[in-house]
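Shared between the two complexes below is subunit A, which pairs with subunit B and subunit C, respectively.
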Partner chain A sequence: MSSFALERDLATQGRVITALAKRALRVQLRRAQFLLPSFLLPLLLLAVVASGTSAAQQLPGFPNTGSYVGFVVSGTIMQGTLLAGLMAGIAIAGDIEGGFFDRLLSAPIHRVSIVLGRVLGTALIGMVQAILFVSVALLMGADFKGGVIGVVLTVLLAALSASAAAGLGATIALRTGSLSLMQNLFPFVFVLLFTAPAFFPRALLNPVLETISVVNPLSYVVEGMRAALFDSAALGSVWGGFAAGIGSVVFTCALAVWAMRSRLRS
Partner chain B sequence: MISNQDSAASADATIIVEGLERVYSSGLRAVDGVDLAVAAGEIYGFLGPNGAGKSTTVRILTTLLRPTGGHASVAGFDVVKQASQVRRSIGVALQEAALDPLMTGRELLELQGALHGLRRAESKLRADELLERVDLVAAADRLLNTYSGGMRRRLDLAMALVHRPMVLFLDEPTTGLDPVSRSSLWTELRKLNDEGTTIFLTTQYLEEAEQLADRVGIIDHGKIVAEGTPQELGRLVGEPGLYVKLIEQSESGRARDLLAVHGAVSDREAGGLTIRTSLGARAIAPIVRTLDEAQIEVDAVEVEEPTLDDVFIAVTGHRADEDVTEDAS
Partner chain C sequence: MSTRGLAYTGGVGFALWRRSLLELARVRGGLLPTTVAPLIFLLGSLGQFGRLDQLVGFPTTSYIAWLVPLSCLQAAGFAGGATGANLARDIEAGWFDRLLSSPAPRPLLILGPVMAAMTRCIVPVTVIFIAGLLLGPGLTGGAYGLLMLYLAAISFSIVAALWGITLALRAKSQQVGPLIQNGVFIAVFLSTAYTPLPFLKGWLAVAAPYNPVTYVLQMGRQATVSGIEPSWAHTWPGLLALAAMMLFFGLLALRQLRRIDL
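Take a look at the complex of A and B:
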């Protein structure tokens, strides 16, 4: 392929990915059954956790972050982005069952663009979630020493977390094509969440969860958000968060592309 | 059966299918050695009951499914080796208008434009043109979940036309539509065909195939069992019939004996008779004269051309609206 043809192809696929991302975003924001888990449920949990378990910050080993809500908001963002990823999987399974997916497959576009369009749309939702949840936390009394830069880094980490979750959701949807199975995966989001230091520091997790948290890439992303928001290396590593986030996105998107190829071969 | 070998060899065919097979992992042979050729500018009706292999064939021709045997090309491109070029050349409207209910008609058309490589401004312009063409301007900015079945089908057709395809594949485009919506869609398809678009249409409706198709292929259990123009297929049933209705029902026995010289006579309900004759409509005058000379009064005489329904029963042994036992489509 000549460099001109390659450039033209990339521009076309860029437009395709943008159009599919816009569709993902638009439909997700129009459907209450998608909005409630991705936005309302994390906020409810934030309110419950912040008021019901705030005494946890008195425990020895709990880092000083001012308010407990400031500490747990990273966990809330993580929860929201994981649920957005699950919703992305549900949307893909819905497209497969409803026949819309065939419309995408019958268009002259790269199969990877179909996955990337959905992932990009979910990343944008993750960014909106992060801005909303951080704003709510500020209203609830949180004080983020990291300032605007810390929030911007957190929003970017949320985008990575949502993208990785969307890649995983897409993989399962493409492998199974089953809407009902996707809907039943809801509890697994909480397994992923509680095996990462979403609501408590790693040192206060029980030994089994603490061991699992070491291999759970979400641990590094959530700690990275916390480190960015509080501008504190003691809470985690921002760059470690980005490394884990980018690695997870690449891995889950590769899995989704593989699942797509397997689906088309069958 | 009318042979399709001549047409299959046609050099200017837009769709060429040779020995096409699709066997599923369950062992089900959904498509079993299909050969067909569709010329440029033709409307080809692919007729068969549910599960006969129609949709599987369309899915292969539209690159959504790989064949397990044989070859197929569309617009000069191999459906397996040159799938991307095939997708650029075709428009597809699959069964049950798969449209996102939470998008508007305009949004869907613009998305389809982007999927086919149109720039944003081009997509918007094309969406406006197509909304007008399918008479959906007033509903363009409403969510799809407020559209009727007929409106969804029209939008589905418009989406298939966004990139001005050479070949249009329509899988049961009017299933579930009321007669008015069906007729409006047929008018639009004829118009498209007049503009030069080749149309490959699957249907369970014999009337649809008769109304629209230049040629019809009948598929049953994954094999083409007959192919030709509706008129050619009609001849498979045998000689056309003339229906004669008598005023006096009691005269039917005498009339049957007298008319035997014109062809094979069979009884119909309420004193009617059917005479099968190769002369068709030209036999009307001698038949009426024979009955008049015998002073038997005739109420009506009608020519009965064989329908595709008759053809279907003749070549498959069952009706087109009966499902095949194993659903292959």
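Take a look at the complex of A and C:
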């Protein structure tokens, strides 16, 4: 392929990915059944956890971050992005059952673009979630020492987390093609969330969970958000968060592409 | 009502209850979502917030003892809510129209699903309770505490079923399912879900005492929380809250049922 043809192909695929991402965004933001779990539920849990477990700040070893809501908002962002990823999987399964996916397959576009379009759309939702949740935390009295740069880094980490979750959701949806199975996966999102130090520092987790959290890449992403928001290396590593986030995105998107190829073969 | 009328009413109620339960036998893993979700919340919350039992004044030295009744109530609520979602499916499929055109008394059409909710909640509640016991809290409240926990859970499943039925009759669509379950989720968590009233801060400290679920939880926690000893004082507020919720949502469901006739 000549360099001109390659450039033209890349531009076409870029437009396809953008168009599919826009569609994914529209579907998620228009339908209440998608909006409710990915926006309202995390906000509710933030409000409950911030008010219901704030006495935890009295525990020895709990980091002093000023307001408790500021500490737990990273967990809320993580929850939101995981649920957005699940919603992406549900939407793909819906497309498969509804026949839209077959129409996409018959179009002259790369298979990878179909996955990347959905992932990009979910990444944008993750960014919107992060901005919303951080704003709510600020209204509830949080004080982020990391300032605007810290918030920007957190929003980028949220995009990575949402992309990784969308990749995972897409993998399961493409492997199973079942809408009802995807809807039943809702509780399992919380396995990923609870095996990371989402609401408590890692040192104060249950010993079993503390051990598991070491192998959960989301642990490093959530701690990276905290480190960015509070500009504190004691709370985690921002770059460690980015490394874990990028690694997860590459891994889950590769899985999704593999799942799509398996689906096409069968 | 004559003896014959009573027998007829009982027969119809029993048939509708059996039909709701048959689904559990036919759909493999039908109880899984209502069991797995609260179990994951139980284990996850224990892992995340388990050290809260070290706070001075916390009513138990085992945080799981605090969480088990919460998860049981959550499971019962989800099981109750699921019957509402099933009713929405029956309405969409046209089955409910056939029931409406039958000579069966209207209130029986919601009595069947409510009875099914009471029955189907027993499995997840028992699974969670046994898992909780295996993890350590022990049955500090004895037989009375255990009875109160089951009474609270089964009664809460009725409340959730009536809430679900009301929404299903209003929306007439399966899309109402997440709203039913989210309602249960919100009701359970806007209470003393994670910590007792004195430890709550901010708006939740104001809202939780007005949430009837707070008192239902207290009633259930007599089973496992050593700081809440089994007594009538810890029981009657829960019973009152449950009766009020059943009356409120029962009237709403009946009102909605009358409207569907028009």
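For this structure, a couple of remarks:
We adopt the following convention: the second predicted complex is superposed on the first by the 266 of 266 C-alpha atoms of A that agree within 3 Å, B and C clash if a C-alpha of one lies under 4 Å from a C-alpha of the other, contacts with A are read in each partner's own complex, and residues count from 1 in each chain.
Throughout what follows, a contact is a pair of C-beta atoms (placed from the backbone, for glycine too) under 8 Å apart; a residue touches a chain by one contact, two chains touch by 3 or more.
Since this is a predicted model, take the numbers as computed values, not measurements.
After alignment on the shared subunit A, the placement of subunit B and subunit C results in a side-by-side fit free of clashes. When subunit A is checked against subunit B and against subunit C, the one touching more of its residues turns out to be C. Of the two partner chains, subunit B is the only one touched by A:100; subunit C is not. With subunit A as the corner point and C-alpha centres for all three chains, the angle toward subunit B and subunit C works out to 90 degrees, nearest 10. Of the two partner chains placed by the overlay, only subunit C lies in contact with A:193; subunit B stays clear of it.
By the touch criterion defined above, A:49 lies against subunit C but remains apart from subunit B after alignment on the C-alpha atoms of chain A. When the two structures are aligned on the shared chain, A:30 is found in touch with subunit B, with no touch to subunit C.
Across the superposed structures, the minimum distance from subunit B to subunit C, using CA atoms, reads 14 Å.
Here subunit B touches subunit A in the complex through residues 25, 62-64, 66, 84-85, 87-88, 90, 92, 94-96, 98-100, 102-103, 107, 110-112, 114-117, 119-120, 143, 159, going by the rule given at the top. Those residues of subunit A that touch subunit B in the complex are listed here as 12, 15-16, 18-20, 23, 26-27, 30-31, 95, 98-100, 102-109, 265-266.
By the touch criterion given at the top, residues 32-33, 36-37, 40-41, 43-52, 54-56, 175, 178-179, 182, 185-186, 189-190, 192-195, 199-205 of subunit C touch subunit A in their complex.
Considering their complex, residues 32-33, 36-37, 40-41, 44-45, 47-56, 58-59, 140, 184, 186-188, 190-191, 193-195, 198-200, 204-206, 208-209 of subunit A touch subunit C.
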